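We call the chains A, B and C, going by the order they appear; numbering starts again at 1 in every chain.
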Amino acid sequence: MQVTAEPAKLVIEDIQKTFFREADDKIVGIKVLDHISLSVSKGEFVSIIGPSGCGKSTLLRIIDGLIEPDDGRVLVDGAAIDGPGPNRAVVFQYFGLYPWRSTLRNVEFGLELKGVPPHERRRIALENIARVGLRGFEDHYPHELSGGMRQRVGFARVLALDPDIILMDEPFSAVDEQTREILQEQLLDLWGAMKKTIVFITHSIDEAIYMADRVVVMGARPGRIVEEIKVELPRPRSAGTRTTAEFGKVRGYAWEILKKIMRQSADVELQ
Amino acid sequence: MTTALIEAAKIEAAKRRWTRRRNLAIRIASISVLLIGWEVAGFFTPRIFLAPFHASIFALVQLTLDGTLLKAAFNSMKVLVAGLAFSLLIGVVIGLLLGRYRRFDWAAAPYVNGLYATPTIALLPIVSLWFGLYTAPKIAIVVLLAVFPIIKNIYAGVVTLGQELMEPAVSMGASELQISHKVVAPAIIPFLMAGLRLAVGRGIVGLVVGEFFTAQTGLGGLLVRYASDFKTAEMFVPIATLAVIGYGLTSLVIFLERWIAPWKESERDLGV
Amino acid sequence: MTDNIDKALAAERARFRRLGWERRLIIVVTLIVFLLAWELVGRLTNPMFFAPPSAVFDAFVHAVADPEARLLHALLQTLSILVPGFLLASFLGVALGVLMGRSNIAYHILDPYVTIFYNIPRVALIPILLLWIGIGDTLKIVIVVLAAIFPVSVNTTVGIRDVSAQFVEPARSMQATERQLLWQVILPAAFPFIAAGIKLALGRALTTVIVAEYFVSVSGLGGLLQQASTTYQMALMFVPVIILAGMGIAVDAAVTYAERSLLRRYRS
């Protein structure tokens, strides 16, 4: 893969984060992120994968600026971030749509917050609703939509804001298998067309490898980056890609790493 | 945990403790401001308008010592408990019948709902004319107010639980009686507790209204008498007592509720 | 094959229709039995104790045909207290609830008072308020407000505090200001709770108006009730009762309808 000369789009510098929990009258500290450093180039698609509790969701929120790290910082285009900003947006696992707003109004929401005038908002929103394939559903309310459709509305909402970096927190896990594959294809198509930088969290090894240029494997307790795997499968990818030998090799490799991680945590548990 | 982590946890624990204490301090300060204001205002206003706070404390002690308060509280509690007992009985029976027998529901529901929707106070004069002027009408009012949350909750319980729990029993060949005893009854208890909790609150309102009306015995009667005699210090004593009784009974029921069953969704009646 | 399915469908539809008729029949029959029983008992007992529906109907007609329109007058008086009182209580209740829901400090300052007031049967405050405010419409409105404000505020506070992080996170990620967060996310999200509180408040307000009118100043429907009862006019007494019952039922139905249509979107 070509290494570009420009500075990395997104740099995560030595992030630390501890969470506290009350357990029988005592406070217990959990090191959720321990010395996390990662560099993402412009236009790159990075997957993050790891067992539960490895801090991947927390990391995503730190990148977006929703949570402050105890130590370390996040740099976008060389500048340290200070809370959420217009150059990043998140697609949540739980969709995060507002039930009292129609599809159109949900997609417009971010633009509304920015103070974009109504005409302009509407135009942008309609454009992105069409882009995710939901034309005709503008006046539907979330409760009238299926899970896959709701997720697409969430995605349209993010696209409407045109952020440089799109962060996705297990966006397809709340959706059935078939819809999932369709959404994966659509996401890759959109990514290819719009050349956004994407950080994509998932539980599924297959999904991680299929979608990404690079797979970051994280371990739990403490949350840390165990390994980064470059995925050099050719693009554009299709259903066929999943059955190639190359895919199987990468998958096997990733699986081994994960197994090692899980065995390690089990040992830690038993101590 | 590593030492760094343990240190961090200690700091966090200290922070949380501080917040808890701060909240408590705010609450105490808030009430104190009121009491001080009450005391000061009492000095600057004529006695028939408001007596200073300490006068009410004295009155409280006085009334407790000479037994007036206890006697009144006892009388009120008598009526309340009797009323609640009747409400439970009537409420459970009607609730069960409404839930179990669809036709009874069709027949009786309009009347039950209509009665529930009527501001019960409207029935007060009629009730007193029928039941006389002493204890009976008061109990009747309490019942009229307290019975409906119980009916509604029991009904909800029977209806919601009905299908899921009945099917296994019926398929195992249980008789009607067995079903009532072994399936419906235990399943109903959480709903009963929720209904009881609401009934207590409403019952106390009914108690006070009833006692206002007769103005003879009980805490409500004391209140009316003190107010009409401009006894502004004594006046607050029955009110405070009523509040304490209400709070105490409701807390008791909540405690029972949690002990008897972990709670599931029934009447989302956060208020009352 | 389709023949059997059609037959089964037809049989099912017929069964449904039969049940529908049965239900209507039962309702009508019980109503008739109820009225007849009422009439019978009414005729047999002392008119001081009980009035049969015929007498009540009579009194009703008289009251409606009254040249002085006292009934209408009373109804309007009651409404003139109920409506402002309820609206004020709702508005203040939401404001109070939002304040307590958003600010921890405000919550701990005000919560002792809210708890105290919640546990005092609101009617118990009538004698004291009467002493301080004196007879009049102000007193009645104050009483209604005090009775109705707390269900609204408590429900609002709970609704606001319990707003799901799933609503707040996306907004914060899109850099919503605190103000935008409150008005565009938190309040709409809390709306079902607020609505529940307002529904409770309405019922309470209605009861409290009547109590206030009954015990304090003889006006409105409560006053009518009181007058009729002191003069032992049983039949006349039923008139405001029936009107109030009707009001109660109508209000209940209206609120349920409003709830259903307004809250339709919140169903998932």
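Of note:
Basically, a residue touches a chain if its C-beta (ideal position, glycine included) is under 8 Å from a C-beta of that chain, and two chains touch if they have at least 3 such contacts.
These figures come from a predicted structure and were not determined experimentally.
Of all chain pairs, the one linked by the largest number of contacting C-beta pairs is B-C. Each chain's centre was taken as the mean of its CA atoms, and the one lying most distant from subunit C is A. The geometric centre of subunit B is 19 Å away from that of subunit C, both derived from CA atoms. Measuring from the averaged C-alpha position of subunit A to that of subunit C gives a distance of 48 Å. If you average the Cα atoms of subunit A and of subunit B, the two centres end up 50 Å apart. Chain contact summary for the complex, subunit A toward subunit C: residues 64-66, 83-86, 88-90, 92, 94-96, 98-100, 109-110, 112-114, 141-143, 154, 157, 161. Chain contact summary for the complex, subunit C toward subunit B: residues 22-23, 26-27, 29-31, 34, 48-50, 104-105, 108-113, 115-116, 119-128, 130-132, 150-151, 154-155, 158, 193, 196-197, 200-201, 206-207, 209-211, 214-215, 222, 225-226, 228-229, 232, 234, 237-238, 240-241, 244-245, 248-249, 251-252. Note for the complex: subunit B touches subunit C at residues 23, 26-27, 29-31, 34, 48-50, 103, 106-108, 110-111, 113-115, 117-126, 128-130, 204-205, 207-209, 212, 220, 223-224, 226-228, 230, 232, 235-236, 238-239, 242-244, 246-247, 250, 268-272.
Residues of subunit A touching subunit B in their complex: 18, 20, 26-29, 31. Subunit C meets subunit A in the complex at residues 166-167, 169-177, 180, 184-185, 188-189, 191, 265-268.
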